[in-house]
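Read through the structures below before going on.
Each of the two complexes below includes subunit A, the first together with subunit B, the second together with subunit C.
Coming up: the complex of A and B.
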């Protein structure tokens, strides 16, 4: 693109001002055993859910988990593309994307490796709940966009996707609720971690205790079945078990707000 | 335990046991109980054929059905060849679909009599709206449809000038403007839709 010679040239490379801030060495829990945002370690984040936000889509939902905002649209069941093989069960196509402006560091427009991995976990969790055998030769498309990432984006995405599928009147065995927990040390579990509390591989841990990581669990509350688990980091098996148990309990507690969101969305229907 | 009619339910809620009710659309059976699979209102219908009532979940109008074998579909013819006519399925059992599915009517499935000597050009033209029945799921590219019944066939067709054709018989339609007769495989109008002038 030819540039205007009368303009002052801008620097070709720009850096985020956060790079030049001194890194915060404070620990995750301070002396009053409170987290950075003032919550207790066991305190869950405030949640807001709403269905029917995207008018063009068959079904949609918006989910807010503390400051993390996720929007999901569902299209289908529609005809499979020409090149796909014949299948008696339907196909579920998920797309997970962080919006370029959502994270601290600007993300590209094309899905990178992290987004592909989270998309895989999302697909896994939803495939267990959607009655795909009732939609032969069709595909259902689920698009999830994270508008603001302040931690627990995957958990919010799975919950939002399940709500959107219910809003689109796609048959499911059960709605899926997801929750995540940050593990550091044997006894420290932080529920619904924020972005600064999420696990980064380069963080140092205490000398004797190498337990450090993040666990996300997707659960079907009524059937009490876990349909997806993602665990990042290094943990002993007993710590991992306890973390999964904590996430499962938290996901169970999400059932009541999920139900309220869906029933209030139904409004008045004529039978 | 039994679900109350008109009660709001979400996917995964237990509605009733198999001994009390039959599972209808919008529900599934697991371990001897009927669960809801859609978010909506519970409805119960008493079927004459069986003793047990049929429990189903009625959701907003959005619930879209996928073409099933034996369903009557409304389709729009998109292309014709000497052996088949390809179409877009736009509605299933009178419920419009948000995205059309692809269907195909083969030469031997157009009518019941004289199946081999059918000329597709004299039965369908691109742009016609026709009623058909789903024969089978077909292959990856399209559903297989049939119009081999009196009530199935072309319902709406336009002439070259763009005027709607008027059906004359089971294989003829006439343009009211130019009075040109065109050949189509016409669907027989059902008796409840016919209005006769009072004498």
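Coming up: the complex of A and C.
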């Protein structure tokens, strides 16, 4: 693996000790049909959102979904880089990064395949909401850092990024709210999964790895348009459709707190 | 990404055609283009396939190598996907120009193969904690004619079907070490079980209908598409929305239904073709690539 010589050297191969302890992913729900953190399967996680957390940025936001913490800042619109062609529509540049200490496993400084995939999903979800034709010849930069990953990081990142764009006064058709669901068997949809409830195929065997997976949906709540879908794991298509439906409903419910967060932020300015 | 350049009226022509279930090349919305598939064409690989889907052409080579198992799965091997967009296909792919496209295809392939149902990874284990087979799947894009994701997944399945892993034997060596012996006969191989390998189906939304197997002109008219991995039994193994547009929640449901149906049909004809191809390679002498 190529390493960056300018960074602090760490051992090339090292593993988190938690890999070696046994976990039992077959019992995400206990006998009282409660999850490990005491929530009902249907129960959503507590969410906290705040705008204007980074003072130098044009717009910024901080979002907390159970223990998952995401910070996002938006810069621009500014001129496109010299080498790039003239374009009549603006360009949305996103950067999605897990902080090195955010996950159980230490993350490298260079973006891995998972990060670049999530970045692409984030970009595509946001570019359907931003009125890019209003920003010709310019680019808008969105930087997302996951400070602590306790599951549903992508959903929190999309919500935070859209909030930061609104805070930066970038014109959008609608705000984007995202939610994710852990599919656990045909009947159980665990909303806002924690890190231990996320889908790790290596914890499951061939026999019990069916109708298991994670689905994340990004939605524009007032327009009722789905602007991002990402799923993982093998499941029946009817189960997938139902999971998408559950996510859509949950994202719809996020609209009120998002609105409240934005309006309360405006109130501060007036004072 | 390399895109065809179309005028507004050309786009409208395509969109209106799709509305009437009649596309510019005469297909209906749910038809694939003609697929040409060949397997076992590269002698230096353990398995290979070439696909031509309309005017898209891809070459897939599979190499197996011995590696050290991952600590979370000590007696299993793994698959690794690499996608290369050759500047032969389009000059914009020069340097890092094709990175976005290749990352997309690569992450989508990794996503649909990342669960326990599609492949028996235990068959790739050699000695627990010490050695396992690592299957490197390299996809090379030779010509872009639209719908590269579907073409890549079909070619990957065909190449994995064609892959033979050397039948190594283990003997006890000195000091409790195990020696690995490679068979002398290169034909002495075991084949991978690819029966549950998924194919990817891309459904592109054009106007208020969705189409499969979009050509590069049609891709220009489409702002959002849904890529889904479908197994032979019709299960979905990974879905992602691509493109900068948005979709109606109802049309997502519709697209998943038709993706499942089309994916199953695709599997039936692909499995049939692969069986013929495997039988043929014994009595027809190979003449080499192209």
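Quick note on the criterion: the second predicted complex is superposed on the first by the 237 of 271 C-alpha atoms of A that agree within 3 Å, B and C clash if a C-alpha of one lies under 4 Å from a C-alpha of the other, contacts with A are read in each partner's own complex, and residues count from 1 in each chain.
As a working rule, a residue touches a chain if its C-beta (ideal position, glycine included) is under 8 Å from a C-beta of that chain, and two chains touch if they have at least 3 such contacts.
Fair warning: this is a prediction, and the values are worked out from it, not measured in the lab.
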Partner chain(s) touched by A:259 [first = subunit B, second = subunit C, both, neither]: first
Subunit B versus subunit C as contact partner of A:151, first or second or both or neither: neither
Partner chain(s) touched by A:79 [first = subunit B, second = subunit C, both, neither]: first
Touched partner set for A:221, first subunit B, second subunit C, both or neither: first
First, second, both or neither for A:167, with subunit B first and subunit C second: first
Subunit B versus subunit C as contact partner of A:193, first or second or both or neither: neither
Touched partner set for A:58, first subunit B, second subunit C, both or neither: first
Residues of subunit A at both interfaces, subunit B in one complex, subunit C in the other: 129, 220, 223
Residues of subunit B that touch subunit A when the two form their complex: 5-6, 8, 10-14, 26, 28, 30, 35, 37-41, 43, 58-60, 62-64, 66, 98-102, 137, 139-141, 143
In the complex with subunit A, residue positions of subunit C that touch it: 70-73, 100, 103-104, 106-107, 110-111, 114-118, 120, 223-224, 226, 231, 234-249, 252-253, 256-257, 259-260
Subunit C contact footprint on subunit A (complex, rising order): 15, 19-20, 113-114, 116-117, 120-121, 124-125, 127-129, 201-206, 209-210, 212-213, 215, 219-220, 223-237, 240-241, 244-245, 248
Residues on subunit A engaged by subunit B in the complex (per definition of touch): 58-59, 75-80, 82, 84-86, 88, 129, 131, 134-138, 166-169, 171-175, 220-223, 258-259, 262-263, 265-266, 269, 271
